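Have a look at the structure below before the remarks.
Going in written order, the chains are labelled A, B, C and D, and every chain counts its residues from 1.
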Amino acid sequence: MSAYQNMDQMTGDFYTQKFEAAKQDGTLIINMGPQHPSTHGVLRIVIEVDGEYIVRAEPVLGYLHRMHEKMGEVQTWGGFIPNMGRVDYGHAMAWNWAYVGAVEKLMGIEVPERAQYLRVIMTELNRLTSHLLWWGAYILDLGAFTPIMYAFDDREMLLDILQRPSASRLTYSNFRVGGVQMDMDDKCIELIKAFIPHFRDRLPMYHDLVTENIILRRRIEDIGIIDQDMCRRYGCTGPVLRGAGVAYDVRRSEPYSVYDRFDFEIPTQDSACSAGRYHVRIAEMEQSLRIIEQALEQLPGAEGSHIVDKAPKPAMKPPVGEAYFAVEGARGKIGIYVASDGTKTPYRVKLRAPGFSNMNAFAEAATGTILADAVAILGSLDLIIPELDR
Amino acid sequence: MLQALAGIPTQLVARQDKGTTGNVWSVFLAPKQILKTARKLMEAEYSLEDILALDFNEGFLVLYHFNRWTIDERVTLRVLVSRDNPVVPSIASVFHGAEWHERETRDFHGVIFEGNPNLVPLLMPAEDVDVHPLVKSAKARLSIKEVLSLGEIVSSTGEIDALFAEAEAGEASDA
Amino acid sequence: MNEFIQNLIPLVVAVVGSMAWLAVNALVLVYCERKFAGHIQRRPGPFEVGPHGVLQTLIDGLKLMGKQLLTPDNADRFLYWLAPILSMIPVLLLFMPIPYGPVLTGMEVDLGLLLILAFSSFNGLALILAGWGSNNKWGILGAARAVAQTVAYEIPLLLTVLAIAFMTGTLNLTEITAQQAGHIGNWFIWKQPLAFIIFIVAMFGETNRAPFDLAEAESELTAGFHTEYSSMGFGLFFMAEYGYMVVICSICSVLFLGGFHGPIPGIEGWWWMLIKTYALLFLMIWARWTFPRVRFDQLLNINWKWLLPLATFNLLATALIMKL
Amino acid sequence: MNALRKHVIQPILDCWSLLVGLKITGKYFCKPLITVHYPRQVIDSENLSTYGGHVELVGMPKDPAMPKCISCMMCVTNCPSNCLKVVKSKPPATTPEQEQAWKEAEERGEKVVRPKAPKQPTKFMYDYTLCSLCGTCIDNCPVNTLRFSSNIYWVATSRKEMHIDLLARLREQAAEVSASAPKPEARPAAAQKEA
């Protein structure tokens, strides 16, 4: 409270005030960001370095803040869905799902089987694109430029598939309360079926080119420890938590939709370091393929509907009440809390971004490491800045 | 869950329908109790999901969502603070991740978390320290009973259900 | 007087020649690198300017020259602008003693090898001046890295070169080439395989090339020592980097791959030197587009814990064998 | 033995991983390019047809220059970004004599059929700068007159150009189709999207 009451008398940068009294002599305070190649957008981290060793770090957020929650209170219930595609450009479908899931919970809508499966297939494909984007960008942060191009080669195929049922390539907003916007045609399913073996063939190449590479292994092993205790304190979820050895996955622990019908593993690593998180994500890609395969097998025929009959209009009026719905995004648990007062617009929408909590642990994990490690840790958290700032 | 909270004076404990709210336990607390409760939940292996506030006529209702890794049993702690003096003790000393969530809530609603190590604007620009975008206008603001429902009450001291009871009484009289 | 002029003319020709050689090499190399990188990544690389984009680097150079020369506030103007010049000038000198062909030697110097090693150290100085002079925190970090790195990697480089000098008993590069005449078996790579490997690794470190490009480390230090440079200030660093690459690859081919001698007796000429140099250059480019960057402490560990002991061992072994 | 493995064999294996990496990039160097080299090459039309570009009107099967639109305003009211503007047609202007005649007829107790406004809108403006391509208008159109175009190569040099008059666009498309019959306007994927 007192920190901002006397703001007028403050000298220097508002956000670096904590850093003005340096902990020790001879340190350098540097701004990593908001324009820095490895912060993937406009994240700013104030770092106090002693030589190249990080003494303290403090992330400064808000450069990409768009106040989605306020937009939610102004838009109609259905009109807020396109916003979900813009929160997280990496895994937009999961955000779509979290929001429509919360509203469906509030309204008590039962989604048709086929729509459930379509959602699973599309979300898992989108998870693959998200992980591929992360993978390429992470290796790029670590100094190798070529892998991102190979990743984009595969990602491009996925986008070509995903643009069929969603008419978008990045900011998907094709989920509707009660189902999905469009059905998937046979050609699309064919393409997915062709993609799975293709991608399975590519994974060993990724493994040999990057995962096994000694330089990369030395760069990420035992760097940036975020153990179970830290995860609990900071509320980390997703690959960060699984990289710390906890088999926690919302798809398994709070099974939503039809995820309880699939046989898949939750990859975990006990090392709790950047390499652990790296391996978890690589293994997750394989698991996503497995889920897609099973979903395609179980997919009800085309006579099933992709959206519930008499789907609610965008200006629907859900009953009074509140609902919390969580899904597993590529970065962790996405939670949406909605409160309805029975009108056309939500009374309150709260977005719980997994990256927000994961990033919170960065300062502690990075303290005492080298500047180059900070980049390795930052990348291993798989940050999407629009999601952090919302 | 209830064992974890043993010994903490709660205002109201209610069980909610998981199918429609996604929430299992709803616990109303006095602001003083929140730090102690957070400590208990930490010991019971709960992890913090998020902190948010809702703007009502009665004041700001601050919500803390907790869940466990092993069992899906979401707990919502609810703290009602007055609009004139919205001060809640910070739980950032127990759940370090709460620091940012609390700063975000301060940005959006102006709820002040006493004891937060760095309660400066997080998402809002520093110049707009007093702008709280999610505070509703008097016209749009509703009372708590018009939005939330209690669920199946397990124990209560009466203060909170009074807020809800009025509604039922009012409806009854209307009828 | 007459004799002085007689000596001067070939020297001037050599300096102008090596300037042209450097410029042409930089242009060709940048083009080759971008094309090579493109094809590794399964895209065409530069394509629009000229047939298959061959004029791309020329246009880029012109564009760089057209940009404004900016000096940051509070920068040390003198050191700031001295740095790129200091980085560029020694490169011209370095081409002098390298025998590119039987008669294609700029200046035959008895201590040619020493001259090259001495003047190439100027680069480290230029980098620290650039980082320090630009009054930028990232620049300083880059400069500090650059100094530690070039100083460290010079030592194994020197030790391997010394092993060759022991064998040949001379520091004259022409003489060293002459001793490798005949067939492929006479090349020193067979006699000094360990030295060759150490030299290759140290070569990456000495020229600040990926995976050892710590001084500029784009994703960590934005651009390291040349963060603040614009226009030809940056252009000179860029050209110098490629110049050093050409020099060090030329030396490598002279020392280990027989210089301008072909693999079988009778065919010798400057083209052999060119082929060998460019083969090594392609190796450097290939590595750059394949590997991630090492961390700074690892970079020094590789040097002090692996290269240096191995190079010392190699030198001692060479000395022992020579003695016996 | 362990020490030997750790300090000698392992580093050699580690270096081997570098050679494996070089082998992979070398292999891809020799493979053909996979990028589409615009404008010399373009992506295949099958893929292009599934691209979701800006929103466009669908003409009637009989008269492709006429939209199926009935000016019901569902798209306008449901658009989250307020990027559509539809102006309904007014009834045709009537002369005072006609009015007089109808009035008289009504007074006589006859049933009068006054000319109604045509269903088609007079204006259908679309602001692409605001559109978030969510497809809500397409979902809510009762007569399926809206769809995503596959207009991938369209660029504009100013914001003003991005305010598209969809009726004019439909007329242009219809004229193009009638001018060059072999160039079919039907886009199977787009049609399916509406379904």
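Throughout what follows, a residue touches a chain if its C-beta (ideal position, glycine included) is under 8 Å from a C-beta of that chain, and two chains touch if they have at least 3 such contacts.
For clarity, every value in this text was computed on a predicted model and none was experimentally measured.
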Which of A-B and C-D has more C-beta contact pairs
A-B
Comparing chain centres built from Cα atoms against the global Cα centre, which chain wins on proximity?
A
Averaging only over C-alpha atoms, locate the centres of chain C and chain D and give their separation in whole Å.
55
Determine the centre-to-centre distance between chain A and chain B, using the mean Cα coordinates as centres, and give it in whole Å.
26
Rounded to a whole Å, what is the gap between the Cα centroids of chain A and chain D?
29
If you average the CA atoms of chain A and of chain C, how far apart do the two points sit, in angstrom?
44
Can you list the residues of chain B that touch 2 or more other chains?
none
Spell out, as numbers or ranges, the residues of chain A touching 2 or more other chains.
146, 150, 153, 209-210, 213, 215
Numbers and ranges of chain D residues touching at least 2 other chains:
18, 21, 24-25, 28, 34
Which pairs of chains touch, using the document's own definition
A-B, A-C, A-D, C-D
Which chain C residues qualify as touching chain A in the complex?
37, 40-43, 137-138, 140-141, 144, 210-211, 213, 217-222, 289-298
Can you name the residues of chain C that touch chain D in the complex?
36, 39-44, 47, 286-287, 289-291, 306
Residue ranges of chain A in contact with chain D within the complex:
75-76, 78-82, 85-86, 146, 150, 153, 160, 163-164, 166-168, 171, 173-174, 176, 181-183, 185, 205, 208-210, 212-215, 311, 313-315
For the chain A and chain C complex, residues of the former touching the latter
28, 30, 36-38, 49, 51-52, 139-146, 149-150, 153, 209-210, 213, 215-216, 218-219, 370-373, 375
Would you pull the chain B residues touching chain A in the complex into a rising list?
19-23, 42, 45, 47-50, 52, 54-55, 63, 65, 69-70, 72, 74, 76, 95-97, 99-101, 108, 112, 114, 118-126, 129, 133-134, 136, 142, 146-149
